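Each of the two complexes below includes subunit A, the first together with subunit B, the second together with subunit C.
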Partner chain A sequence: MVQLENIQFGYVKSRPLFKDLSLTLEPGHIYGLLGKNGAGKTTLLKIMSGLRFPDGGTVTILKESAPLRKAEGLQNLYFLQEEMYVPHLKVDDFVKAYAPFYPNFNHEQFAEYMHELELDQETGYMDKLSHGQKKKVLIAFALATNTKILIMDEPTNGLDIPSKSAFRKLMASAADESRLVIISTHQVRDLHSLIDMVAILDNGHMLLNASTYEITEKLLFDVENTKSSEGKVFYTEETPRGNYQVKENVNHIDSSLDLEMLFNAAIINKNEIANLFK
Partner chain B sequence: MGVDFNNTQTIWMQLVDWVFEQILTAAWKPGDKAKSVRELAVMFEVNPNTVMRSYDYLQNKEIILNKRGIGFFVTDDAVEKIKSLRKKQFMEEEVPAFIKNLKLLDIDVQEIVDMVKNN
Partner chain C sequence: MNIQNIKNLLKTYFIENWKTDLFQFGMLMVIVLFGTIMSSRGNLNFPIFVASIFLMIYPERLFRNLHGNSSKIHYLSIPASNSEKVLANLVLANVYYVVGLIVSCCLGLGLAQLYITLRGFESLHFYTALNGVGVMLLCVLLAMFFFGSIYFRRKTTLATLGVSLLIGTIIITLYALTLWINGIILIPKDAVYNDYMWSYSSYVIPDAVQMIVLGLVTVFFYALSFLRMKETEA
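Then we have the complex of A and B:
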């Protein structure tokens, strides 16, 4: 549904951000896009959305080239940016102005999502709302567009505790076989139960793009060798419960994926992890 | 809500355990319609594919069955099936861990036998 092939991109020609990046994203999944600060997560999302043009390579969204910015593609893609643009409009007027760009926009759903996020549609001007409130209005709007592709950059930043829970419920209910959701985040604890695909961006290319199912088939997340003492260890961390390890899953034991530990293991043992998932 | 995602068990297996609990406590009775995949996903804030994995497992173990287009239903002998699965797990995993602790803590087996008898 989204395909990037051999992407090259740099804000400064002498310092390329992406040298040869390829990534394929399929519908029916919620992807978690992880990467260190400055790895280029937001840039990658902008390239997918047709907001940045690659210096080399091809980007295809819904079978169209993203840089062409065809209406048929854009009306089926919503990108909730971290740096939100919110005009000086009341919520109702905002919906009147922007919903027509999305043919599948559903007004009843929007009202329902606003309610779930404890937002009042009668609020004043959107640009006067708090950061978290603005974000919630845009989350409700994004979900109500019913686009085939939904991209969210750090959606839980600025949300209070009940709103994070409400957000997860909305996402769980909105996910379906025909929809592709991509969430870029550092807040992995907010979202670890929600994502079923993990994409790690590192040093200009994709270090990993695998389902949580495949990850736990190949890697074992273990404390104090409780599950197994075999398999090459990729990452170790001292925790109050004991020595936490990420290791090769040689005995096919099911374990609970910890995204932070996975990320650390992948960043430290880049080649080995990449080879394991080839 | 009976599901703690911070523990070391996988989310899909915790969901299986939760369904076991619903059936063993007769909250879901044989022949009842099970909650839909989406309902459970929303309730526990998890990916619907994860719930599907749990439901696939429960179907394989003949604890629920899929009536095409209608949904999932608790099978007639779900309780017996769950008890035999749980017993197997208890004997193979929990008992050995329990024995390991008895040895580690120097606890006399008789002490435990008395406790069980007095309960």
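Then we have the complex of A and C:
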């Protein structure tokens, strides 16, 4: 559905951000795109959306070249940016203005999502709303477009705690086999129960692109020696419950994925983790 | 090219901008009304001049979403192709806004005429120096500002004006230098010409040719606008 092949990109030619980056994203999954500050997560999302053109390589979205920004492609893609822009319009007018561009937009779903996010369609002008409220309106709109590809950059930034759980609930209900959702975030704890694919971007490459099932098959997330003492330890962190470890899951023991620990383990042991998931 | 997408773009524009447009048309009508009453003349050059200023500023507003980081992402992500976006704005600038300005000017002039008649003064006799070439020149200027509003990132009207003046000055200087080098500048306009000298009349280009050239320049700027939009990134 989304395919990036040998992407080269840099804002400054002498410092490339992506070097031969390749990535394939399939429908029916919610991808969590993780990376350090400045790793290029937002840029990568823009490249996928055709908003930035790579210096080299190809980007294909729904079998079309992304940089062409064809209307048919854009009708099936919604990009929810971190720093949102909302016009000086009331919510109803915003929907009247922009919903016709999306053939699968569902007004009933939009009303339902607005309700779930505790928003009233009768609220005043969108540009006068708080950051969190603006984000909630756009999340409801994005989900109601029913686009095949939904790209979200830091969607939980600015949301209060009840809204974060409402967001997770909505996302879980909106995801289906034909839809691809890509969420870039720093706030991994907000999403760990939501995503089923993890992509880690580091130093211009995809360090990891695997399903949560595959990750917990190969890595064990647990307090030191509780379940197994075998396997190479990739990362250790002191917690009130004891030393939390990420290690090789040699005995295929079930454990629950901790995205933050995974990220730290992957960043510290780049080659080992990359080889493990080859 | 999908007509439905262009219709959607126009609908979005009207939902977002109808109040601003109404205000601007009203403002133009008031300016024309008072300008005409105060001058007590039917000279249409003043309303045309003011309406032209409104028209040249308009493309900056049409493409304002391209001048901010997040609004640019919003605009480029709207499901319509680059050519549909340029075409929708071209229709707005060349048809909708022009008609709006003409109607506003007519209303202003009509009200001024009514006021003058009611006060018992002599009716206005409208006249203008604007001809076909002048209209085409306005088309070129609009196309230039249209392109400038896509090309430049901010203060697009001023930037276009500045660059145009600079380029114009350079061309005029080079032209004057050429004439001066050739000595032609020394020949008075009313000199008696013969076969050995350049005829003054040879410099007068027929209106039809001027209009065709200006039409081509207009098309050139719109083509540039399309290409620029195509390569715009967020």
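Throughout what follows, the second predicted complex is superposed on the first by the 278 of 278 C-alpha atoms of A that agree within 3 Å, B and C clash if a C-alpha of one lies under 4 Å from a C-alpha of the other, contacts with A are read in each partner's own complex, and residues count from 1 in each chain.
By our rule, contacts are C-beta pairs under 8 Å (C-beta built on N, C-alpha and C of every residue); 3 or more make two chains touch, one makes a residue touch a chain.
Please read all numbers here as calculations on a predicted model, not as lab measurements.
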Clash or fit, subunit B versus subunit C on superposed subunit A: fit
First (subunit B), second (subunit C), both or neither touched by A:Ala175: first
First (subunit B), second (subunit C), both or neither touched by A:Gly28: first
Contacts of A:Ala111 with subunit B and subunit C, given as first, second, both or neither: neither
Subunit B versus subunit C as contact partner of A:Phe53, first or second or both or neither: second
Which superposed partner A:Ile253 touches (first subunit B, second subunit C, both, neither): neither
Contacts of A:Tyr85 with subunit B and subunit C, given as first, second, both or neither: second
Partner chain(s) touched by A:Ala97 [first = subunit B, second = subunit C, both, neither]: second
For subunit A as apex, the angle formed with subunit B and subunit C - C-alpha centres, to the nearest 10 degrees: 150
Minimal inter-chain CA distance - subunit C and subunit B, angstrom: 28
Parts of subunit A lying in touch with subunit B, wherever the complex brings them together: 28-30, 165, 168-169, 172-173, 175-176, 192-196, 212-213, 216, 221, 223, 226, 254-257
Touching residues on subunit B, where the partner in the complex is subunit A: 5, 7-11, 13, 38, 41-42, 44-50, 53
Subunit C-touching residues of subunit A, taken from the complex the two chains share: 46, 49-53, 69-71, 74-75, 77-79, 81, 83-85, 87-89, 93, 96-98, 100-102
Parts of subunit C lying in touch with subunit A, wherever the complex brings them together: 2, 5, 8, 11-12, 15-16, 65, 68-71, 73-74, 76-82, 84, 231, 233-234
